[in-house]
Every structure is written in structure tokens, then in C-alpha cells.
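The next part holds the structures, each set out as C-alpha cells.
Both complexes below contain subunit A, partnered by subunit B and then by subunit C.
Right after this comes the complex of A and B.
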């Protein structure tokens, strides 16, 4: 009974968590259930969907369904890795130190953050990704160094708000040390924000990776969703056929479904915990 | 004043990063010119020729000498000469910029109008059918990468109605008059602008809707209703006006990023704008072009931030006090 009540009260949370779990499950286990791997070229090139190939084949005879499932793995890997690097290694430490210490440290760190925020993001990513040799790791690094400032800002304003709150003052009055404050007051309050920004960065990293792969500056050896679209439009005759139904639409549905699941999970975490990214309370 | 110093500092650092970064990487423009496996240039340069070219372009000078000449050039707004195109970078950007501006400005104006109309009415009918449909649709649409929207539009509209989807005008066309030319440009603009519109409108819409929801809860709305004002007047002149501030700031800060950010749409439609110039510069390792473009794009971002600040003060003079 309690489960039903929980689901009824938090429909968005449960639905988006289930959708995300589905994507992760397909990414982890999907390839075990397809008869081919990404390296196999079992069919004739450029075939329409059939019983054997539900989404047809691409220009070298790969099964498009296998490529789609493989793409989920690549997107999630890059998304989650960039999310963890951006949020846990850069955004949270910088934002927390800035908000907690304040004063000169805050000023210096915020100058640094503003600097990174006013860099034209997409051109910068393209220039760096184009100059570094294309690989998954470099894509992750590039996304990390361009996305952390917004996370640092959010964490800073939230930390600042906690620091000024009455319960921290009271705790200090009872003789609480810095470690105690961090573990019992800052960490629990910051955790929902941490998760929601992790989800946000993961989503934006997946979007950026798709874009880079589409422009041809991602990792050329991986077969991501962006790369599939690139391969499709490099063959202009496919515009005149129905190929979009099995080579474009599944990718669009997959990426927007995944990003929607990530966004609404983050959104519902914020709603339930009562914080919002802009630091306002609802 | 303090802000201006910050902007100048940012600007200086960014231009410095862009100068040192490519020079720290292996390979230089001449390696790429002479044996570029994907490019359409097939010339083979001997090591002596490469060395002579490096000397000609000053790329074998010590880094600090190169850097000081780079800074002194920038101070005079001279962005140098592109190695790949053999044209001045200023002129290259000037020839591409009008197309990007045409695309970004016309697309933004459409987006802003639609988002204000949808956002205001959506917030007015919060949680009703209209609001739920528009909100749900905008959440889904904003998650589709712009290049996928662009490709989808090509297949849908170009395939069935024959709307042109490459370039900004018909090559080698002979126009009967000025109107004919304008018509040709507009029909080429149609698909890129539609893609731009679809990929930006939902973000603007969400900002308008959130601002409206905040201001609709304020007491002055109740006063306006009590005075018996017409609903349309309350919506646009009272509630929306109060939420104009965050929206304008958002629009202006976003505008600066969009000039460089339309690269995906420009690349799908082979639109001859600034965005497609960036990827060409990167692929050819054209240092002066890359530096020049980056200088220019950072300048637009900073200028749009500055104008957002100025507008903010103009709309709400309390900020200064």
C-alpha cells in the first residue's frame, strides 16, 4: 500500500527513474540480446527494414538496431563520466570553497568562474576538440572544462545560504567543529542539488557529444547517435527515400527520450527536496 | 566600472588561451596543407618549403615574439591573414557575418514573439489543458539536438515540397531584379530559420512562463483585476511587464552565444555563416583564422553581456541605487 501511495505522490520521479533505468539497462545488457555486434556486417548495405534487420542496415551492412543500442552505451558513458568529472571534481569543490570561505577566496574563484562562463562555449569546444586528437577521453575533458562554472555557481549560492542559516549558527554555538558542520549540515542539504546538477550535466554532455560526433570531431572509432546522423546525411540520396523512418527517427526518439528522462528526474529531485537550481525556495 | 575591468580581464585571458593552445599541439597549418587526407588540397611540400613558409608567416619565431605581435595586431583590430584562404581574416569574417546575423536575428525575433505569446497565455492558464500541452511539447522539443531538427526538416519539407536546403542563394542564378534576389535569399533562409526557431523557442518560452507565474501571484494583479481592467491588459501590460527584466537579460546574454552557437544548423544547411567558418578553420589548422574568429566571438559575447547590463539599468533604474 505504501508503495502505491509513494508512486501516486511522485509520479514524475518514478516514471523518469524507470525510463532512465530502461535506457541504462538497454545500454548495459542490450548488446547481449542482439545477434550481431557493432563489428559485424551481416547484411547487404542500405537495406530497408526486414524481419532480420528491424531497422534496416547502414552503408556497410551493419544492423541499424545494433548501432542504435550501441549508441546508448556511448552516450551514457560519456554523459555520466563528464557529469562526475564536472560536478564532483570541479563544480562542487570550487562552489563549496567559494561559498564557505567567502572573502578573497570567493572573489578570486568567482572571477575565474565568470571568465569561463563568458567563453563562447560551442566554438571553444569545437576548437579544442578539433585540436586534441579525437578520443572519448578528450571529449569528456572538453565538456568538463566548459560546463563546471554553472554548477559551481549553484553550489556556491546554496552553500552561502546554508552558512547564513540559523541552524548553523546554533550548531557553532554548541561548539560544532568544521567537520561536524560539513557532515551533518552542509552535506545533507547540498546532496539533492548535487544529484540534480549531476543529471543536468549528464544531459548536456550527451547533447554536446552528439553534436561533436555529427560535425565529425568526435571519436571516429565509436559509433554514437550523432555519428549515425552524419553517415545518413553524407549520402544525399537518402533524403529522397523513406530511410529517415529507420535511420533518423529512432535516433531522435532515443536521444530526446533519454534527455527528457534525465531532466525530469533532476526536476523532481529538486521539487521533492525543496531546492531549486536558482537558489530559490518553492 | 568594476564589471568592465572584469570583462577586459576575461577577454584578455581568452585571447591568450586561444593563442597558446594550438601552438602547444603537434602539427601546424603546413603539415595539414601538404598531406591532408580528407581535404581537397593535394600538394606535397618538402621540409625546406615548409620551413620557408613557417618563416614567411612568422611561425618559427620564439613564442613570446609571436605573442607580442599578435597582441599588438589585436589592439589595432587587425586579425591577420588566413593561411588557408589567403585573405584577410577581417574580410573573411565580414563576408560571412551578414548571413549569420540574418539567420540569428530573424530566428530570434520569431522565437521571442512566439515565446511571449505562448508563455504569457500558458502561465495565465496554469495547469489547464492549453498550458499542459504547450509545456509538455516544449520540454520534449528542447531535448532534440538542433542538428537533428535541421535534418528532420530537410527530409520533411525539402523532400516533399522542394524547398532548397543548401547555401544562402542559388549559385550562378541570374536575377531579374532586386525583389527576385530577396525572394531567393528568403526561400533559402526558410529551413535554417525554422530549425533555429524550433531549437530556441522552448527555452525562451520556459523563461517567460516562469517569470509570468511569479508575477501573477503578486498583489498588483489582484488590484488590476479589482479595477476591472481587461484581461489582455493585465496579462501584457501588468504581469508580463513585471517579468520583462529576467527575460530581456536572458535574451541578450543568449544572443552573444548564439552567433557562434548556430554552427550546427549552419553546417547542416551549408549556410555560409561564421559558424561554418569555425569548423573550416579547425579542420585546416588555420591559426590566424581560428584566433581571429575566437577574438570576434568572445567580443560579441562580452558586448551582448554589457548591453544586457545596460538594458537592465534602463528597464529598472533601481538597480543603480
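Right after this comes the complex of A and C.
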């Protein structure tokens, strides 16, 4: 009964979490259930969907469904890795230290953050991606270092707000040490924020990767969703046929569905925990 | 001056009793002086009075010297000789003390005749003279024909009949209306002339008017002895302090407070007799009985801790805040002191430095000059060396209750937090007792509520409950009742005072509500622009303000009519 009640009260959370789990499950296990791998070219190029190839084949004769499932793995890997670098390795530590320590440390770290923030993101990504040889790792790094400043800023302002709050003063008045303050007051407020930013950044990284791949700066040897879209669009003849329906649409729907799941999961975490990225408790 | 009476180590046990009724009594009365003996009912006052005349039946040890002659060693004949002529006693219960079948004149004359001092005619004349001096003119009246007050006057006249050197008056004014009481007190002080006087009374007003020195008796022993005026204006023993707080007088506006607990006469006290009602008890109190020891010239108290402790003292505190264009002097040269069980109100308008003072006293901010002494240690040092313990003893309740509790916590967690910080045992129990002490529900439905769901009044009391869990000795409450409605405010304040009575904690209440301060504070300090402009007894400050600023504050206070 409790489960039903929980689902009823948190439909958005449950639905988005299930959707995300589905995407991750497919990415992790999907390839094991398809008869082909990404390297196989079992069919004739550009076939329409059939019993053997539910989404047809591409221009070199690969199974489109296999390509889609493989793309999920690549895109999610890039998204999650960028998210982890951005949020856990850079944004949160820098933001927390800056907000908690304050003073000179805060000034120095925020100057550093502002510096990164002032860089125009897309041109910078293009330049960096162009300079470095295109590879998945480089894409992750590029996305990571351009996204963390906003996370750091948000975590800093939240940390600062907690540090200056009356309840931290009260705890200090009760004799609390830093460990207590961290466990009782900082962690519970910052954790949901950390998760929601992780989800937000993951989504935006997947989107950015797709954009980069589309622009042709991605790693051409991988088959992320963005790269698949690019491959199709680079063959203008595809538009003449109905091939976009099984070659383009599934990738676009997959990207949209994943982003939607990530965004609504992030939102519902914020809503339930009562923390919002605008820094107010509701 | 020669000593009329000297009592050394007097101990007395009623026959058939195993426990001493009075013990360790050391008193001295000089010629022409008066001594008051006060205390709650059952403290042994009357027994002591009776014992001075050897009228109580039992065994006594020690020495009672009257003009150098030990009364305890006297035979019945010698005692009879002594009574009335040298030492007379005016008894407590006026109807029983007088013989119903003799007229009042005959009764007053009786001791004169029985001591062969005068002929019956002369004695009757003397009796009439004495009675008329006390304002009783119906010489032939029988005791039942007179009022309570008149009978008391007759008894007083009787005690003066043989022109004794020492008069012992037992409860001369109890059960009397204030006008009669006033007359008796005035007549007595006028008529006694140069005679030595011992007044036994629980009525502090009578003692204050009649006695030079006062001994405060509790459980058969003296807890405080000294100059009456000093004892009343500046009591040093916790018992005397509590006794004075429970005595209604026109000069305090504060609510009356009884003394917690009660004295159990059947119990054998090993340590201090007052230890389980005292609020500042330490472990030694229940083990060793303290000696009556001087704390200043002619002022003795029986307390291991040297009497009421000064909990917190701020000495010449100054604080200036830097702002954008210059600086603001928030506090200038302020000294303040709060003792055990005392409530100090700090009033003043917004921006007068009240909160700055509170924060300095609670160690949240450091003063630029001066220092804060908390329990005999400099606060900044005890904060450095023993922060956790100091924090649990000294608590500050912020004005903004809503901000001072993490809204994400449940009520239960919020109350637990201080205990977890302090690493205390028996958390659950303490949490629930603090909740009920602060007047909050202890039901699961309430304790599992989130703090963000509580009302303003509940939040205020939750803050109080959090503070109470640590059992602090000193609470500094900043605007404790702001944004509470009148009924909640009354409830909160009564709770606070009740807790103070039970725990004896020192309280500093910071408020702009002078009407409230008047009801709950022993003393009020008025602040303006960071300077303490006035400090004194709360009623005195309000009814007779010295400074114009205080007058303005009083005038601005709510009056309704």
C-alpha cells in the first residue's frame, strides 16, 4: 500500500526514474540481445524496415536498431562522464570551498570561475575540439570544463546561504563542530542539489555532444546519436525517400526522451527535497 | 556594648523525637539591639524562641548565655525568676495565650505581682498605664471581648510588664490587617525604648521595620545572618533570595514565585539542609553540611559556594562596527551582572545596542574592549579551552526563531540536535521532557512534523525546548515574545519563569516591551545609543524613572486605558 501511495504522490519522479532506468538498461544490456554488433554489416545498404531489420539498414548495411542501441551507450557515457567531471570533480568542490571558506579563497576561486564563465561556450568548444584530435575523451573534457562554472556558482551561493543561516549559528551556539555542521546542515541541502545538477548537466552534455557531432567536431569513429544524425543529414538524398522515418526519427526521439527523463527527474528531486537551484526552501 | 544574649552551638531535640529540631545555632545579641528570626513555617523559629526561655520540652545541647549566665544549666526556680522579669516572651496565638477568665488588666498585672515587684494596686496601675500606651483602653474587658489585634497588643503590654531586659516577640503581626500591623510595629519600636528585642516572624516587612540584624532560619539552622537592610536589599543565600521573591510587596511588580519543592522534616540531611531545593547545588552540597561563614563584615551565610553565584558579568564592554562610510558605536563602556536565579531585563528602542550586548555576552561576537566573565572564568578563554561545556551552560535564543532552526528537520530532530552535538546520554527522555517543559506536544504526530510546518508561536517554544535540553545555567533571550499574540506571550513568559524557578537559571531578557519587562524582571537596564542610561529594581525604574529617555519608554508602553 505504501508503494502505491508513494507512486501516486510522486508520479513524475517514478515515471522519469523508470524512463531513465530504461535508457540505461538498454545502453548497458541492449547489445547483448541484438544479433549483430556495430561492426557487422549484415544487410544491403539503405533497406526499409523488415522482420530482420526492424529499423532498416544504413548506408553501409548496418542494422539501424543496433546502431541506435549502440548510440545510447555512447551518448549516455559521454553525458554521465561529463556530468561527473563537471559536478563532482569541479563544480561542487570549488563551489563548496568557495562558499564555506569565504574571504580570499572565495575571491580567488570566484575569479577563476568567472574567467571560465566569460568564455563563449560554443565557439570555445569548437576551437578546443578542433585543436585536440576528435575523440570521446576530448569531447567529455571539453564539455566538462565549460559547464562547471555555473554549477560552482550555484553550490557556492547555497553553501554561503547555509553558512550564514541562523540555524548554523544556533548549532555553533550549541557547541557544534564543523563535522556536525557538514552532516546535519550542509549535506542534506546540498545533496539533492548535487543530484539535480548532475542530471541537468548530463542532459546538457548529451545535447552538446549531439550538437558537436552534428557540426562534425565529434569523434567520427564512434556512433553516438549525434553522429548518426549527422551521417544521415550529410546524405541529402535521404530526404527524397522515407528513410528519415527509420533513420532520423528514432535518434531524435531517443535524445528527446532521454533529456525529458533527466530534466523531469531533476525537477522532481528538487521539488521533493524542497531545495531549488534558485536557493530557496519551499 | 555588652552582650545580652549569646547562643553557641545550640541543638535541640523534642522529647520522643529522634531528629533535632534546631541545630548549629550561633547567635549573639547586643544590648539595645534587635534581632529578627525569619524563615518558612516549620523552620524552627518558634522552637528557638521557646528554647531561649527553656519552655520547650526536650534535650538541648550547647550554650545559651544571658548576661554571661548559662540558661541551660539553671534550675526551675531560677528559670522562673528569670522569665518575665529579665526575659519576657510575647506568644504567638493570642487567644490561647491569654486566660479567658481574667480581665486584661489582671493578666498584665499578674507577672508583676508574682515576681513580687509591686503591690497588687501598684501593679494594676502599671498594667493600665502599659495598656493605654498600647492603645487598649478597655482594661476590664475579657480576652474574648477584644479583637485579634487588641489581644496582640495586650500580649505585648504583658511582655513589658516586668520591665525585662530582653523581649522575645513571636509572630506579632500574623493574621492582622495591615493598619493594625503597622500600629503594632510602630508602638513596639516606640515603647521598647532601649530594650533588646528578638522578633520571630515569617513576615519580612515586620522584621525589616523592627530589627537591626536578621537570621534566616531553615530546617532548624541559620542559613544567612546579617544586617537586615543588607539581607533584604542584597540577599546572598539562594534561600533568602527565593524567600524574598515569594513575598508580595508594593515595591516589586514582578510575579510572585514560590520556592520549588518543600522541606521534609522527617528526612536526615547529611549535607546542606537546603540542597534539594537549591538551584545551584553541586555534588559537595549533598555530602557535607556547610558552616556558617562570613562573606563580608557581619554578614554570614551557610553555603559551600559562598551564596548566590554571579553567573555572568560583563565588564566595561565596548563594541564598534565598521560600516561603509565610517563606523557605528554599538556599545560603549557597559557593565552588567546577572546572578543565579535572577532576571535582568534589557530595554531600549531599536538600535540601542541590546542585541549586540546579548551577542557579546553569549560569546557570539567579541567585544573591542572589556571582558565577559561567565561563572568566574573569562568567557573567551572558556570558549577556547572548553567550548562544548561552556556552550551547554550559556545559551542565546535568537530573535528570529524561524531562521534559527533548519526547516528541513523534524521537530524531534531539531530538539535532538543540541544533545547530539553535546554527546549526551538519554537523549529521548531529555527531548520529551524539554518539549513538555516548553509547553509543546510530545505526540508522534507533532514530533514528526517538519519545522517548516510550525507556527510562529510553536517555533519560539521549539527554540526554547532546544535550549532547555542542555540544561543551561544562563539563557539570554532576544525578544522572546516578539511576534507572539498576547495569550501565547503570557504562556511563554510563565513557562520561562516556571523553568527559572525550577532550575534557578539566570535570565537576560532583551525586549523593547517595557510592560513585559516589568512583569518578569527583577532588574531592568535601560539602553540608549549603546550606553546603559539607567539600571535598577524593575518597579523602581518604571515607577520612578530617573532619565527622560526611560520616562519616554514608559509613556510609550501599552496601557489600554
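We adopt the following convention: the second predicted complex is superposed on the first by the 280 of 282 C-alpha atoms of A that agree within 3 Å, B and C clash if a C-alpha of one lies under 4 Å from a C-alpha of the other, contacts with A are read in each partner's own complex, and residues count from 1 in each chain.
Quick note on the criterion: a contact is a pair of C-beta atoms (placed from the backbone, for glycine too) under 8 Å apart; a residue touches a chain by one contact, two chains touch by 3 or more.
Source: prediction; values computed, not measured.
Colleague: Clash or fit: subunit B and subunit C on subunit A?
Modeller: fit
Colleague: If we overlay the two complexes on their shared chain A, which of subunit B and subunit C does A:130 touch? Say first, second, both or neither.
Modeller: The first partner, subunit B, only.
Colleague: In the overlay, answer first, second, both or neither for which of subunit B and subunit C A:121 touches.
Modeller: first
Colleague: Return, as a multiple of 10 degrees, the angle whose vertex is the Cα centre of subunit A and whose sides reach the Cα centres of subunit B and subunit C.
Modeller: Nearest-10 rounding gives 110 degrees.
Colleague: Per the contact definition in the header, classify A:59: touching subunit B only (first), subunit C only (second), both, or neither.
Modeller: Once the two structures are laid over each other on A, A:59 reaches no partner at all.
Colleague: Determine, under the contact definition given at the top, whether A:252 touches first (subunit B), second (subunit C), both, or neither.
Modeller: First partner only.
Colleague: Once the two complexes are aligned on chain A, which partner has more residues of subunit A within touching range, subunit B or subunit C?
Modeller: Answer, by number of touched residues of subunit A: B.
Colleague: Once you lay one complex on the other using chain A, what is the shortest C-alpha distance from subunit B to subunit C, in Å?
Modeller: Checking C-alpha atoms only, subunit B sits 14 Å from subunit C at its nearest point.
Colleague: Where on subunit A do the contacts with subunit B and the contacts with subunit C coincide?
Modeller: none
Colleague: Could you pull out which subunit B residues touch subunit A in their complex?
Modeller: Result: residues 6-7, 9-10, 13-14, 18, 21-22, 25, 139-140, 143-148, 151-152, 154-155, 158-159, 256-257, 259-261, 263-264, 267-268, 275, 278-279, 282-283, 285, 290, 293-294, 297-298, 300-302, 305 of subunit B touch subunit A.
Colleague: Spell out the residues on subunit A that touch subunit B in their complex, using ranges where they run on.
Modeller: Touching subunit B from subunit A are residues 111, 114-115, 118-124, 126-128, 130-132, 203, 207, 210-211, 214-215, 217, 226, 229, 232-233, 239-240, 244, 248, 251-252, 255-256, 259-260, 263-264.
Colleague: Using the touch rule from the top, collect the residues of subunit A that touch subunit C in their complex.
Modeller: Those in contact with subunit C are residues 165-167, 169-171, 173-177, 180, 184-185, 188-189, 274, 281.
Colleague: Under the stated contact criterion, what part of subunit C meets subunit A in this complex?
Modeller: Against subunit A, subunit C makes touches at 362, 364, 387-392, 395-396, 398, 400, 402-408, 417-418, 420-422, 452, 463, 466, 470.
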